[in-house]
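Same chain, two partners: subunit A is paired with subunit B first, then with subunit C.
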Partner chain A sequence: MDISTGVALAAVGAGISMGAAAIGSGIGVGIAGAAGAGAIAEDPGKFGTALVFQALPQTQGIYGFLGAVLIMIGTGILGGFAAFESAATALAGVMDTTPENAALIMGLAAVGGGLSVGLAGLSAIGQGITAAGSIGAVSKEPGAFGKCMVLTVMSETFAVFGLLITILILVGLNLLGA
Partner chain B sequence: MRRLHIVALSKYKYPLIKRLHELGVVQMTDVTRTMESPEWAQLLEKHPSDPTIRQITAQVMSFNKILDFFAAVSPIPEDNFFKMLFSPSPPKKLEAEKVHGTKLLERSQRLLEEVNAAVKEPEGRLNRLTSELSEISAKVESLEKIRDFRVDLADVVKTDHLTVLMGIAPKERSSDISSKLSEITNGICYIGSQDISQIESVVLVVALSEAAKDVSDSLRRIGFERMDVSGLSGTPAEALSALGERKASLGSEEEFLRSEIIKLAERWRDKLLVLRELLLIERDRLEVQTNFMRTDETFILEGWIPAKSIGSVKEEVLEVTKGYSVVKESNPDSSPDDVPVYLQNPPFIRHFQVLTELYGRPKYNEIDPTFMLAPVFMLFFGIMLTDAVYGVMMTALGLMLLRGGGRYSSSVKDFGVIFTAIGCATIGFGVLTGGYFGDFALKYLGISTLRPIIFDPMVDVQLFLILVLVIGLIHLNLGLLIGFTENVKRKQYKDAVGDQFWLFLLQGGIALLMMDMKSIGAVFFLIGVILVAIIHGPLFFFDITGYLGDVLSYARLLALGLATSGIAMTVNILSSMVDNVPIIGIVLGAMVFVIGHIFNWGMNGLGGFVHGIRLHYVEFFNKFYEGGGSEYRPYRIRRELTKE
Partner chain C sequence: MTLEELAASLGFPSFVPLFAVALALALVVGLIILVPILLRVIEIANYAYSNSRIQVMSSRIIPEEKLKEMIEASSLAEVVAALEPTDYSPYLHEMMEERSEAIERALNRHTADSYREVATMVPMNLKSVLAVLLRKWDVYNIKLILRGVYAERSPDEIRADLVPVGELAPSKIGELAEARSLEELVSNLDGTPYSRLAESLQLFDQTRNLTVLEARLDNILYEDAWKDMTSKPLDENLLALKNYLATNIDVVNLKLLFRAKKDGLTAGSIESYLVKGGGLQESLIKSILEVDTVDNVVAALEGTKYYQPVLGAVPEYESTGSVLPIELALDGYLVRVGKNISITQPFGIGPAIGYLSMKEMEIRNVRTLARGIEAGLSPDEIRNLIMKVGT
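Here is the complex of A and B:
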């Protein structure tokens, strides 16, 4: 059976997942890092604090990476196409369509999944802005560490939901867990 | 927490303060604020500040000065960050005599005189040496520039008739210098110069002393920098070698002096530190009295005391004052905003208090949520890290902290216990879901006994999702239940209904609807909605969506759990791919494996920690907890260096 279009679409999905999330994380980490450099210039002892806050906007990139890897495993780009073929056949049975068509649908689903976690990864930019502010706040008032941490983690909620929807799309269309 | 009031004869004041200081359970408060009414004002006057405080402060400052000098010459070694966490040096504890009052002041005055006598001379010598050495360095620096200039430095002098000036000027101004000087001195001067670099030249000027002032003024305007070569003789090269010898001999003298001072520091430092601490303790005892009020023969003090300590403190007070005192206790006022809060949690739970306090210490009369936070935080972290080996790593980190810094630092100990606990929870959840470096044990090592026991998170995603949402619902409802009982206890029935009870009805209604008891369910649901609409007004709709958002927020447990196992799986795939490279493959594969898993453990450990906290602060505490109480800070002796 011909699954090539489905797999190609899945590659697009994986690319969007990692690429868009990397933009978000890269910018977010950059914003936080600039604030961290400022804090370190005044007191090199603030390196640890700055590093923890700078690490927070990295998570979106990791989610994007995870989304891409799950898509690649689900469609056989990683690990071989046999499982993908049987999953497509199974889906075709449920949807009452041809396996080729099912593979195409699954490829499109992978694009959707990649868009979800990838675009949600742009939330790292906002998180980077909060993290930058938090680095300044904690440098002045070390007691505010926990509270600033919570403020910073807020942005990540949307990235988490983005990853969740990706996973649900992949599960719902037999790309994961079958 | 109760209020404590003590009235006693003034002659027992110091012994009483000393005993309370040693007991360390009473938090002193300012009496002058509670006794503001005119009747009290007639009877009582504010306790004056003790003049001895000044004397002590002056002594402490002298101590600090000497200790700073010692520290500058022989610094006290300190542990770096990692040593402090994992293998700190034991804190020094020194014997201290039991002296206080005037005797202590005399003792420290005597020590001060003794040490000053011993330190003054070497300190002065060291200062002279250092300044001479820096002078020599400056001279050497400028002489280096004119090393090849042929002049006898001894001739650069000022006599009654002749003045010789030597210095450095910008090279392009040398013609200016000669024209300017011959103009000022009518040609009665000698100018010698030699280029010493691309931009500078050394200039020697001989002029009549009567014109010297004009000459040096105009030279300065041209940019001539005069060199001070007083006390030097011979050519610059000869002078340099003489200075070098002098520097060496001064250097060895300085070294010797430093070793002498280090000996002095060894001899006196501990004594100074001990007495300084005793002086600070003494000052605490005098300063606290400004909170008191007094009459001619008596004084009154007030403070907060935990209810359980009242009996013993009462006995102690009566014993110290030989019965010449009145001890009263009372309950805090009805608006207990300033009542300090003393947290009491069982031994293990106590270490999680730090997480509660990060949000805010409970207010007086508010429930302390730590007993709930501890087990649930462990569970959440376990779900989010989902890997038995990562759990072992976490536990190992916790145990290392406990065995290291935890021995001496209570906050390191808190985190040691927390890490150990959440590590164990992670091991538990990892075993249940078959995560050992992700799918490494099962897929690559083929150990089939390590298969998932309840479910495989990467396969049964829907089951996992339902599980975490149910956990979220239970957690939220526990929060609601606590909030409800607290509101009922405080007789705030409107809040109890508007904040919590309507949600019970709403959720019950939905549950009944799903169980096919449509009519009762709909009634419950509607009553819930109507109640919140009445109490919270037109914006009630957002209460409902907000609660839905709270429940969905627990889905992050799933997302983070899958992220851990997904990335672990990816690391395994990557390292097995690299493993196929010929010859160096196995080394590369091992490197990818180790670094990848440590990275995943660190990032998702951090993620699990902050999201676990967040679920508590934002979703759970929101249902019943305010925080913002003040800390219980008993008046007690702060000993850092001395033994009891």
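Here is the complex of A and C:
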């Protein structure tokens, strides 16, 4: 049974998951970091506030990493291909197709999963912008910390949804727990 | 239909090339969508550092409560001591002379340093935008030199009062202070936008009133800036600056109109001093020129954004008979506009405009406070001279 194309597609999915999310987090953290540096330049005591807000856009990168690892475990890139083969055989039975075609479908599904968490990870850019604004706002008005935190965390919702969809795709196609 | 069959039906030998083409197409479409977004993100990132820094600087503006405490000070020494934990601390040694002149000179240096600091830290594209605000200090300095030369003060005395900031080179300003007559001063302005002051020399010779020259300087400053703003396509930053500049011009014109109406001056005598441009309709300005009392000017402003701030100052005007409360309300409104720009445009020129307008208000208040205490005014009297952010 040739599952190589399916596995290769899954590798693309894992790459997109981590890569796109890393772009989002990198830019988001960069913007928040620049704002933090500005605040610290004027008042080194603002380091704590800056650090908290700068950390928030990092989570999308973690979700992307998690998505990529789940895809790689599910498709056997980590831990061997036996589970992937059996999952492909099972799916072939359900879909009334060949195991090779089922493996291809599962690989494509992994790409979809990777796109979901990866593109959702771009929400870190928006989060970084809000975090930068929040660093400025909290520097000016320390009492606004909680409210600014709520505003900044809002972007996180979409990244969580993205990760959730990735997990649901992987579970739905029996790639996790097969 | 299997994926292989789908690929074959589309003319591909297998699914893999089809997937590669689809992926490449998705990347191209993604880039087309993402590039403009990324360009905007890069623009925002440019402001992240400077604006956050400016926000921290804004947080150190002397709060109203602290100012209220300072008003109660019984001596200049107490004022200087109250300034110790503020941004003024590096200038305190200059204030120790306990004379309001010493404090004013320190404040001038602080003003210059604040502007210079902001001008240094903002991204390159904002430097030319800020230049418009810096020119105000050129005019401030030229006015000081005009008065100094007119009063036959020595160049050193004049130089000591100058605010060392602006678009003109410090050497040029120093050279202007050397002038021994107003004619020489005006001729030394050749090569600057203010050389047009020569056109008003004849009128000055007839009236011997410095206001003629000072008002002309304001006209040159604001009309040039306004012409600049209305003659080119404006990005978000320039639009915000135009809004601020329009309010600035309106405030200058309205203050002149209120003062003129209070003094009973005729429309003809003040029309040429009004700055052309700003947010108020020309027809409204003309109609205000024709009214004859301060109350009528207030009534004519109904429907404009200046009506409420001015209306709030009318009771004080009526009780004191001075237009100063109205002028303070207008200045306060201008600061409010600057603050609003900093809120509505956090990634751009906004925080710089907001901070500089708040800083100017703070410096002006400390100066008023020092002069008031030295002149022996009561806290209540000083309170009436203090400027507040408008509503």
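Assume the second predicted complex is superposed on the first by the 178 of 178 C-alpha atoms of A that agree within 3 Å, B and C clash if a C-alpha of one lies under 4 Å from a C-alpha of the other, contacts with A are read in each partner's own complex, and residues count from 1 in each chain.
Everything below uses one rule, namely that a contact is a pair of C-beta atoms (placed from the backbone, for glycine too) under 8 Å apart; a residue touches a chain by one contact, two chains touch by 3 or more.
What you see is a predicted model; the values in this text were computed from it and never measured.
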item: Joint occupancy of subunit A by subunit B and subunit C, clash or fit; value: fit
item: Partner chain in contact with A:F81 - subunit B first, subunit C second, else both or neither; value: neither
item: First, second, both or neither for A:V52, with subunit B first and subunit C second; value: first
item: Contacts of A:T5 with subunit B and subunit C, given as first, second, both or neither; value: second
item: Subunit B versus subunit C as contact partner of A:V69, first or second or both or neither; value: first
item: Minimum Cα separation, subunit C to subunit B, after superposition on A (Å); value: 10
item: Subunit C-contacting residues of subunit A that also contact subunit B; value: none
item: Residue ranges of subunit C in contact with subunit A within the complex; value: 2-4, 15-16, 19, 23, 37, 41, 44-45, 48-59, 121, 346-347, 351
item: List of subunit B residues in touch with subunit A within their complex; value: 81, 355, 358-359, 458-462, 465, 552-553, 555-556, 558-560, 562-563, 566-567, 569-570, 573, 603, 606-607, 610-611, 613-614, 617-618
item: Subunit A to subunit C touching residues, read off their complex; value: 5, 9, 12, 27, 30-32, 34-39, 41-43, 46, 97-98, 101, 104-105, 108, 125, 129, 132-133, 135-137, 139-141
item: In the complex with subunit B, residue positions of subunit A that touch it; value: 48, 52, 55-56, 58-59, 62-63, 65-66, 69-70, 73, 78-79, 145-147, 149-150, 153-154, 156-157, 160-161, 163-164, 167-168, 171, 176-177
